[in-house]
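What follows is a short report on a single structure.
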């Protein structure tokens, strides 16, 4: 079934989603971005570019479906400009990394005008064009169902993974790679937790690789001051591991095989010492929101939270705390700091 | 090239490894287990069963290769019985979950007799027969090389995962699913860290799913005592997520796709509430040893350690600490405990 | 200087604060509680009890000072009833465990009517009557200053602790045990972090004592299943520590002496095995809010957060996550759960 | 009762302990240090200095008591030199920060020669001379009892802290500030856990103070790249807290009053921004050993371990892990690192 979709926001994610929709030959895309060059680029690939939000709405036949793929902080601004042009029964989809609590509010606000709002958590990154996008959908079920052909085209499809035993009988769209998760906010809630898990999984690999990376400390001259514990058994830490090979071998047959491991193996093959990176790791809102949700629910999430706080520390935000520790040690024991 | 291998220990792992070797049609296996039934079972599938360690050694042509696939705690006992029957240049392989520090000692002890010792971390679980085993090998490089045909057959092979870009030029056996990691202990060291990572990855999924599981707390009647923080926004926690579907949808196109996620989706499809489990989670030595290595190296591993300690708590070992907290609260604030 | 204070909320905290003010002989207290018995009790000790909020306001000479010592969840309700009776230049003090963000809002709302609002974090628990209350004050500085005599009486006074070297020159009221911390919200912010620290300190003692408590595991018969790591050196864990004595000895001369340790020593002396407690540990809002503040500021606080999540787990909220782990282990390794 | 004690090791701790013993007028000290200047210094204060270990032993009347106050790594070397000069029934005390497992071994080795060995965890730092030393004693009970007068003089004494209610009836020496904890290793075990707790308590303060320190982030210009979560409510983070005052006010009447807080208040008064410290925090063996003990006992200690790992990170040992995270983010999302 042919469908028409308006896409606002033509960054890495939005433009590739349009490309995937167009490639299918089943859908027509009208696109807009405040950046004219981004509009032109997609126009040359066959999309119809609108020069304004107004024009984008005009070019879509009602009831319209308009997908926002803009930074979380820009959604309300775009909605403020876009909404006056929309009519009752139009659908707005927020596919960005918005806080699910905002989805609750927006669904209510737009609902007053008869506009339907879907929050669609979208995972896939720069790889989504080829692999497809994993879609987690929240909002009115009927509305979600009406966009099924769009979701199906964007999603990776069943062939993207081996079938889970017994899944055939269970039915549903999950194994197509898109899922109606529940009422407003449910899509972004599931995406939020997805990203929270991502932080934990990434940290697990990173810490493990760091332990392998330092497994040669027994070869180094030990510090000789009283402030540092000497290594009890240096002979146990004299390994020089080739991490590109180690991550490669784990990709086959091991319990920890994953797509993130595939990427890690690739990165380490390119640059074994990762010297091109500073190690200042950003954190998007979703890792933080997951931690907040855990706290509000009273659910212990020590691993996810440790992963989040580790990122804060990677940016040097632990410095004052560390100075407090040094100051205490100096006070009670006369300890003077040493470098390592 | 045809090879001969003696296998000691015919549990879930050892017996399936023998089956995989035999299926290849390239290798001959002589097997032994202290349990006669286990010996018989494999004999009926075509292996040659020895009735004693002595006989196993006799049936192998020197230089022999004997693979131990027994619990970590049983390795020294088996070696004690086995070694007198072996000759110089024979090879002993420990494929179990042994502490890598023991490998250092054993390699030295056996080396005095001219016997070569390999420590081979083996991942694959009950799925290894079909998927192949991921092998992490430590010991003398020459010895490791001499067993290449065995390792190649046990390993999953290159086709088991898409090729990492640029890998072809890099060469080596890692993409076959087996890897020479370094001198004695290196194989079990890498396997140890592998399992440490596994703990962290598992915990990340488990915590995230728990946050989804409790996302309906806003529907419940709030506790009315002063000891419990009321939920500030119950309207934000009224979701009933179908976790079997959520984990299924994440398997395609998402950043957190992994083999562990595949298994989780399968487990949740079988039993959505996991009511068949008590949640008393065991921990093998390797998670602990990873934590010890991190501490000895001075490498921060807060996520891996949180995952480990969480397992201790799952078995109730946090109880006394919690009572201390309650006692303190009672002392300073007159707080009386409430259930939840 | 004599002052007059209205106190609303005569629970453990509020009634003892009134007692401390009355004992000083310098202040006059008009008190109210929705519970008549609580009013009567204090009236018999010399306070003037009002039968309604209206009457409480009437009995105070303007400009009035009304202190609220009610649960965080009740503050807005009381303010809603109280405010219409107040006049411009009256002062409302919230001394409870309110979220500092609410103080920002309330100060603004009351400010529209010319009413001054102070947020005063109050620590001291059931011991405050004798020891005095540590007061952390936020709001307009002039307003805070006008209540100095009240704060001074409630606070412990300089003699409550040895003088910090150089403190005399620094001046200020901090060493009296009360402090103007900054504009609206500052008082409850500081109190919030105080309680966050408290969680961490309590957890440190609790975990350490648990390690001592289990230091006799080497005496026990080891589990004999393959799912549990046997203790490598049982001979190292054969101590039966008398925790009441250990905590007592730490109270003198050690680095970890503290008031919380004093209370712990007392609790363990009363009941060495703490069998009267279940170990279901509540958490008030402030531990949670501290964690939220850390996350919003991007400040790593792994210890404080671990302490918070530990309390969640103490109430069984980790159960579903643990079942997910067990289900994964069963899937990949055929592991069956064992009790401990 | 007059006693005689040999002291080996005249650093900060050992020399002050000798001074405290001499000041009491009850004990005679023979001292030795490999550093001659250290010997001379104490000799001028009235101690009898020996020029060699041999001479030290000679000058003591049997049965002798020789106290070692040397770095953990030096104990075995000193014992190797000292032991040949000792006789059966002499007593050796290790008062340093040794691993309790070494005490088990040393007690056994010395026991073969009839020499009694005590492991005495000693807390007090540079303040012990005035405050007294908290002593945690392990070894044969009879031996420990024979040195009671020495311990009593070194310890702070009952007056150093208010009496715990009901303590009088309980009896024992704990409230004097020294305690017989159990057989060999028990003293150092208790001291080890003491230091583990210390790490956790210190971290709790440090993290809390860091949250206060950064409570002005809402005043700063927000970063404008897509990689950083903007602060949702900058108006909530506009506080400039005077931390020297905040820590001072907490010293009186609050729940978190402690000796470590006293020291922190003092350090912050001296230098409010702690700019004299780098924040590279060392960790002695005992924090690590506590973590190992927790793991071996299977006791969850997430707070103590987070505190330990935080110190590792303070020395930059988290860097490679952080680079792995950045590399992963670059791979899956095209994310480029930004500074903060």
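So that you can tell them apart, the chains are marked A, B, C and D in the order they are listed, and the count of residues begins at 1 in each.
Just so it is clear, a contact is a pair of C-beta atoms (placed from the backbone, for glycine too) under 8 Å apart; a residue touches a chain by one contact, two chains touch by 3 or more.
Just so we're clear, the structure is a prediction, and the values are computed from it rather than from any experiment.
When you average the Cα atoms of each chain and compare centres, the chain farthest from chain D turns out to be A. The greater number of contacting C-beta pairs, out of the two interfaces C-D and A-D, is seen for C-D.
Chain B and chain D have centres, each the mean of its CA atoms, that are 38 Å apart.
Look at where the CA atoms of chain A average out and do the same for chain D: the two points lie 44 Å apart. Distance between chain C and chain D, defined via averaged C-alpha coordinates, is recorded as 28 Å.
Residue positions 125, 203, 205, 207, 209-210, 213-214, 229, 255, 259-260, 266, 283, 288, 294, 296-302, 306, 309-310, 313, 315, 317-318, 321, 332, 340 of chain B are each in touch with at least two other chains. Across the complex, chain A meets chain C through its residues 255, 283, 288, 291-292, 294-302, 305-306, 308-310, 312-313, 315, 317-318, 321, 332. On the chain C side of its complex with chain D, the touching residues are 100-101, 104, 123-125, 128, 131-136, 155-158, 160-162, 164-167, 170, 172-179, 181-183, 185-186, 189-190, 193-201, 203-205, 207-215, 217, 231-233, 235-241, 244-246, 248-262, 265-266, 269-270, 290, 293-294, 296-304, 306-307, 309-310, 340. Within the complex, the chain D residues that touch chain A are 12, 71, 73, 125-127, 202-203, 205-207, 209-210, 213-214, 226-230, 259-260, 263-264, 266-268, 271, 274, 277-285, 288, 302, 306, 310-311, 313-335, 337-340.
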